[in-house]
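Two complexes come next, and they have one chain in common, subunit A, joined by subunit B in the first and subunit C in the second.
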Partner chain A sequence: MNMDIKRTAPFVVIAFCILVAMASRTITYDPLRTFSSQLEHTVGVLLNFSIVVGVIMQLWMHSRNISNRKPNAWGYSIATVITFIIFVIFALSYGGTGSVMYQALYKGTLIPAHWAAEGFLVFLFFSATYRGYRARSIESLLMVVLAVISLIACGPATRAIFGESLRLNAIYDWLNAVLSTGVNRGILMTTMVGSVAFMVRVLIGKQRIMSE
Partner chain B sequence: MTISKPATIAVIVAIFVVGIILIWRAAKKQPQLRTFPAVAGIDELVGRCVEMGRPIIVTPGAYGAELNKPGPIVAALPIMHYVARQSAKFGARLITSVAYSDTYAAALPAIEAAYRAEGKPELFNPDDVIYWGSLEGYLTGNPSIIASQNCGAMIQVGYPAAAGVTQNEMANRIGAMTACIAPNAGDSIVFYALCADYMTIGEEYYAASAAIAADRSQLGSIISTDVVKLAILAIIVIGVILAAASPDISTQLIKLLTTG
Partner chain C sequence: MVKLKDVRYGYLILLALMFIMCQVTIPTPIPILRWTKALYDYVDALPAGSLILVSNQYGSPGPTFEPFAHAFLYHCFQKDLRMIIVSPALIFVPWADRLLIETGWGGGGVGAGGKVYGVDYVNLGFLPGMEAGIATLAKDVPAVYNANDYYGKPISSLPIMQDFKSATDIKIVVIIYDYNPEPYSWMRQWRPYGVPVALHHYGGPATWLPYWNTGDLIGVSSDIDGGAQYETLVGVPGLASALTTLSSAFFILQAITIVIASVVFWYGKLSKKKEVT
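Here is the complex of A and B:
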């Protein structure tokens, strides 16, 4: 295929998809909306093909780890491949992913693994919060002051001790409703403007992945 | 056939304004831009890793296109490509970590192309492009890779979800520098402010993606977004004055814009 066509064709396809999606959301015309919906569905199906690429690459990498006896890795690779095979067997056997066996396997392994990951996350959240209470600059000092106000206003212990007499709730509410909401909306609006510009760049084929 | 809400038309007008200014600027001289802290920090981070003999890790965020985040992923790729080019140029080992298969399929050729563009395809190692397959894998795997490979720097691009906390904190613990470039204004921004050495957020995420390309028309689009932002600012000021003068007029105006 000609090199120019190779480069231009993806941009034409992307521009067509964007224009159809935009038009279907702007103009109330049923055939257009149906076409757009079918197009989105087709793109979704195509997108899921990438999962096949991911699975093949994973299996290729782990099988190489096992065959090369890669230090500190091949044991985990064996566990990963065995788990993959077990899940595939149960998913493709009678009842599919809705079967009792598959669900038992899913709930017995993946759900605990998920919560283990969440537990790990909580530890790092605490650690990061502790880091936040060290005022290293004017900005971080400001954050510390706001965090202390929020903690005193919302913390169950301080509420139990001081009750409503401390009157920090009003300050906290103001910080939340005025400062925090205002800043969030500002960032959100500018992000949307940025994404519009980004979309225009994609639409006219100016958004390049490879830098010059 | 009917046209939907006037607010939608406002978006289309914004698109045309951006498009027209983009094309207009493309024909003019190279625009001068402000610097983006996290982008400016990339070279420093790569240099640091080369000097310390430690690898650098780059990640396009915790989401993939399948989770309705295709825009940020596409915008992340030029930044990742740039990091890979700098790593190849100066000889730093680059580890790329992705959560989902579609991101993997997009990131792998972009990283490989960067090594080829620098004339060092032999330095590219496909095993250093890590695909986790799930959010949980990404959340726990990334900090684990940062610690086990003793990374000297981490560059986080795109939506981080909770990983913004875990990997930044782990990077801090092992003395790695971090640069975070994110489009959102969510909870992770707080932790970026706490843990990251360089941070670029909001609209500048998309601007950074264009700035890295150093293409005249792409740089023009950044200036066009500034024009639209000024217009929005003017509308906000007018709205505040109207609301103060007569709440009824502003209420009716908002109603007209949102419901048509």
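Here is the complex of A and C:
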């Protein structure tokens, strides 16, 4: 395939999909809406295919790690591949994901592992708090003061003790209703304006790749 | 002072604190926050038989999600609401089954309280396509679920599905959020149909309260604290209520840590300045 077509074709497809989606929401014309709906269903199916591609890519990467004996990685890759094979065998065998064996595997390995990983988050939060929240300047001092107020206002016990006496509840409400909402709206609006600008650039062919 | 900078001392204090707090029971009050109460009040006011949709996006048995999920499903059970569960996060699909069994609804059969599968509740399983899937579900349910449910039963044989054709049939969407798709997807795709969206999530509520302030979220419940509040509201104290002391201690420790970090930083900076002069 010609190199130009290879590079241009995806943008034509993207532009077509965007135009159809936009038109179906702005023009009241039933065939267009039906077509847009069918397009969305197709995207849903394609997204599921992307999972399959992702799995294949992962297996390929781990197989290469194992065959190349990649230092500090190939042991983990063996564990990953073996776990994958075991899960696939039980998921595809009789009873599928609802079978007793699969459920036992899911609840006995995946969930405890997930929970153990989450348990370490406490230490990560603690470390991040210690390293990240330092009053290095006036701006960061402001952030530190707000963080301390929020933490005291959020803790159930401290909220019960100081919530009314130090008017922390009122301060926390104000922080949320005014500062936080305002800042979040600002971020959201600028992000959306940026997204629209990005889409327009894609539509007119100015934006070739995501990283440009 | 240099040694105080080593974060491992902090880890040790944290570990000791967690251990002590798990062993010692200190009765701690659980003040109810307005955004959690708003969710409770809305669900409580729904007439019996109303259809609600639960988006199961978590899969861990710990106190962050489980107490809220249990208390919420218990509340729906008590109110005789009809429930539809979907799982947009692929990895956590089997979790919904466990949740239904543990809360007495029953996992695909008749539950402890006489709830009948297919009539009072349904577990539709994986909802594919992330936000595109959520958008399609809002518009046209049979387009997404037209074959079998999670247990392999034909969708057409489930009476509850006759009343669930699009978003307008649902009285509230409750997201138990640990994993993508993000709650924004539900808000973007379901709010235009006038369906209230509520959220239980990990971490502090600051990220989501702006959406509660604007009415895009009808209620917000956060982490262990949210679970404890919902347990208190439905009158069934459980794991989260028991861990309120621990979570309070962690909030206090974090606040102290922030102050210490700043003090240590400035002490080190001023000491260096003194040495130079």
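The working rule: the second predicted complex is superposed on the first by the 178 of 212 C-alpha atoms of A that agree within 3 Å, B and C clash if a C-alpha of one lies under 4 Å from a C-alpha of the other, contacts with A are read in each partner's own complex, and residues count from 1 in each chain.
The rule is simple: a residue touches a chain if its C-beta (ideal position, glycine included) is under 8 Å from a C-beta of that chain, and two chains touch if they have at least 3 such contacts.
Computed from a prediction, not measured in an experiment: that's the story for all the values here.
With both structures placed on the common chain, the touch criterion links A:I171 to neither subunit B nor subunit C.
By the touch criterion defined above, A:E40 reaches subunit C but does not reach subunit B. Within the superposed three-chain model, A:S50 lies in touch with subunit B and out of touch with subunit C [touch as defined at top]. After overlaying the two complexes on the shared chain, residue contacts for A:V144 are found with subunit C alone; subunit B is out of touch.
Look at A:V200: by the touch rule set out above, it reaches subunit B but stays clear of subunit C.
Using the contact criterion defined above for the overlaid structures, shared-chain residue A:Y29 touches subunit B, although it does not reach subunit C. Judged by the document's definition of touching, subunit A residues 44, 47-48, 51, 114, 125, 127, 129, 131, 184 lie at the interface with subunit B and also at the interface with subunit C. Chain contact summary for the complex, subunit B toward subunit A: residues 1-4, 8-9, 11-12, 14-15, 18-19, 22-23, 65-66, 71, 74-75, 77-78, 81-82, 85, 100-102, 104-105, 110, 113-114, 117, 127, 131, 133, 136, 139-140, 143, 162, 165-166, 168-170, 172-173, 183-185, 189-191, 193-195, 201-207, 209-210, 212-215, 217-218, 221-222, 224-225, 228-229, 232.
Of all residues in subunit A, those touching subunit C in their complex are 37, 40-41, 43-44, 47-48, 51, 96-98, 102-103, 106-107, 110-111, 114-115, 118-119, 122-123, 125-127, 129-131, 133-136, 141, 144, 147-148, 150-152, 154-160, 163, 176-177, 180-181, 184-185. Those residues of subunit C that touch subunit A in the shared complex are 7, 10-11, 14, 18, 28-31, 59-62, 64, 90-91, 93-95, 97-98, 128-130, 132-133, 135-136, 139-140, 143-144, 150-152, 204-207, 209-210, 213-214, 225, 228, 244-245, 247-255, 257-262, 265-266. Of all residues in subunit A, those touching subunit B in their complex are 22, 25-29, 44, 47-48, 50-55, 57-58, 61, 113-114, 116-117, 120-121, 124-125, 127-129, 131-132, 139-140, 143, 183-184, 187-191, 193-204, 206-212.
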